[in-house]
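Each chain gets a letter, A, B and C, in the order it is written, and its residues are counted from 1.
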Amino acid sequence: MAFWDYANPTRFLRLVQIVLPWLVGLCVITFAVGLYMSFQAPEDYQQGQTIRIMYIHVPAAWLCMMCYTVMSLSSIGTLVWKHPLADVSAKSAAPIGAAFTFMALLTGSLWGKPMWGTYWVWDARLTSVLVLLIMYLGLMTLWRTMDDPIKAGKAAAVLTLVGALNLPIIKFSVDWWNTLHQPASVVRLDGPTIHPDQLWPLLVMAIAFTLLFLVLHLMAMRNEILRRRVRALRMRAASASHPGTAAATAQPAE
Amino acid sequence: MSGWAMALFKRDLRLSVRIGGSALVGVLFFLAVVTVIPFGVGPDLNLLARIGPAILWIGALLATLLGLDRLFQADREDGTLDLMMMSGRPLELVVLVKCLAHWIATGLPLVVAAPLLGVFLNLDPVSMGAVTATLLVGTPALTLIGAIGASLTVSLRRGGLLLAVLVIPLAIPVLIFGVSSADAAIHDPVPFLTPFLILCALTLIAAVVGPVASAAALRFSSD
Amino acid sequence: MRSGFLKLVAENLTIDRGGRRVFQDLSFAVERGEALVVTGANGIGKSSLLRTLAGLVPLAAGTLRLDGGLPDLLPQEQAHYFGHQDAVKPALSVSENLQFWQSFAAPCEPDGFDGGRYTPGEALETLGIGHTAHLPAAYLSAGQRRRLSLSRLLITPRPIWLMDEPTSALDKASEQQLLGLMNTHLDNGGVVVTATHTDLALNQIRTLHLQAGDPGKLLQEEAMS
């Protein structure tokens, strides 16, 4: 069966049903291994135990970018190919992306407190991620305020793509802005290159987070499809005489 | 400008002059924002002179966003937008012309008012000129980016707040380079021209992305 | 393509609005000089059909084309839409309203169609609101606004007129005048598609009656005899 056949929501739901238990199992195992490795990894000579926050923080930060990429690709799918699942995929990825972004910001500021002596600095990276969070939340609001899921999906797709064009510009300008106003107290995070003993747990955790994203995304897509079916059924119930065929009768020209 | 574009431009300008004096309201709002800031940060003239360009820019951003929700809504409510889509004219250009007229009616008055408000903020002539120049170049970008938000929220009854939430993240680069080129003119950490030219580039990018995205959103919203 | 052969062809139109299927597999064709009168109960999709022909509602399936029209233009760019909304700006004067549409909407005169070419002043005189030309449109009554909106159709020649309940807010005399204009448009080689509840005395009428089908089974029926 070709990949495109899964465009059909029913086939997609069947696929999810088969794949999901395996993915969940794999995700749990990877997390178990990753967390174990994270706690076994050596302390940092400079940052001590707080280095372990990195094993959550860095994968979350990667995922919040990947999630936006998934949404942008889905938006292209919505606008160009009018793929029935694309807009479901974009819509269900947004809250997950927002959650990962929030997690990256939260762990970042918890990490920042012992490192910088403050929960928040207007560092270029933190600021860009904060802007990303606002964009996620704005997109979610846009979806919520429109009744018609098809229209909402198209509007959100336009905004997602404009955002995708803008994100590099925002990143660039925030970097510029930050070098202008470089605060004195910031410790550079990307100091020495990372030790292999710390790299391996990080990679495993990154895989675990990616699996978590896949699991959550598939579940959210399934829920969204079911939600739309409920909506369609209710609509059909509300207008029992519809969907009407236009039974068109022709009369000869007078 | 070809005939139809000129007709649209004139019509939009006439409408914005005749209805409610939107230019005046925008400038009044700008004045109000600039007036409340000293109450928040204190009347220290040195501090105000230092953050003056930023205050003017934020005021201009908010005043621009305030007027944008009616950019397409008025035309949608009376059916004009439907006819515009059937007019056989490229919708992207229609959006561009409407943005231009809207900017002249609401953005340009802000630029003109900026030097006057600069007096309240203890700006010296050089910084006043710099802020006015950056606003002149940068506010069209705000209108063009805002047009995307306006067309996305065109069918929503109370879209104004949502429009601001959607547009502000996209407008951050304009704000950064607007303020930093004004700052550069005053206490030169970098030459004035570098951020100023980037600001010009952002306006040009917005002149392409804004109308294209906005026209797409308008097409999807018709139903 | 033969010149003077104008034909609006819809094949297997299917429309979804708000996630609801409005109609499915609707096919019909209207030739030059013919009026297609769309009838049916309220909410059956008459307005949706007209808005679809106007290109304002996307097609879920099917095709729409204008044979014998200008090949560079979409069907809706060769059509006038006269709907419930007047598209009249109260802040502009009557003649400013009209002059804007004259410059803004692209005219379209394919072979075999004679658009008449009224000037704005003539159009307003024809419709009996010439004396209001210099007044702001805010002072017009509902019927006068309706006629101002109608004069849009006269100043920009386009072969297809899509008219949704054209006689609403018009008195008997104005209605007769409207029918006269529609008949002239048909005689000039144009096409009229109109949704209406009342009988209209037009020259060449084809009727398209929309009716609700069984939700489960969707009927397919050719509209053309």
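Criterion: a residue touches a chain if its C-beta (ideal position, glycine included) is under 8 Å from a C-beta of that chain, and two chains touch if they have at least 3 such contacts.
Note that this is a predicted model, so its numbers are computed, not measured.
When each chain is reduced to the mean of its CA atoms, the one lying nearest the mean of all protein CA atoms is B.
Among the remaining chains, C is positioned farthest from chain A, on the basis of C-alpha centroids. One simple way to say how far apart two chains are is to compare their mean CA positions; for chain A and chain C this gives 46 Å.
Chain A and chain B have centres, each the mean of its CA atoms, that are 31 Å apart. Inter-chain centre distance (chain B to chain C, centres taken as mean C-alpha positions): 38 Å.
Taken residue by residue, chain C touches two or more other chains at 18, whereas all remaining positions touch fewer. Looking at chain B, residues 223 sit in touch with two or more other chains.
In chain A, the residues touching two or more other chains are 148. For chain B in complex with chain A, the residues that touch the partner chain are 148, 152-153, 155-156, 159, 162, 165-166, 168-170, 172-173, 176-177, 180, 183, 189-190, 195, 202, 205, 209, 213, 216-217, 220-221, 223. On chain C, the positions that touch chain A within their shared complex are 16, 18-28, 34, 40, 44-45, 49, 204-215, 218-225. Taken together, the chain A residues at the contact with chain C in this complex read 147-150, 228, 231-232, 235-236, 239-254. For chain C in complex with chain B, the residues that touch the partner chain are 17-18, 51, 54-57, 73, 76-81, 83-89, 91-92, 96, 99-101, 103-106, 108, 152. On chain B, the positions that touch chain C within their shared complex are 3-4, 6-8, 11, 14-15, 18-19, 77-80, 82-89, 222-223.
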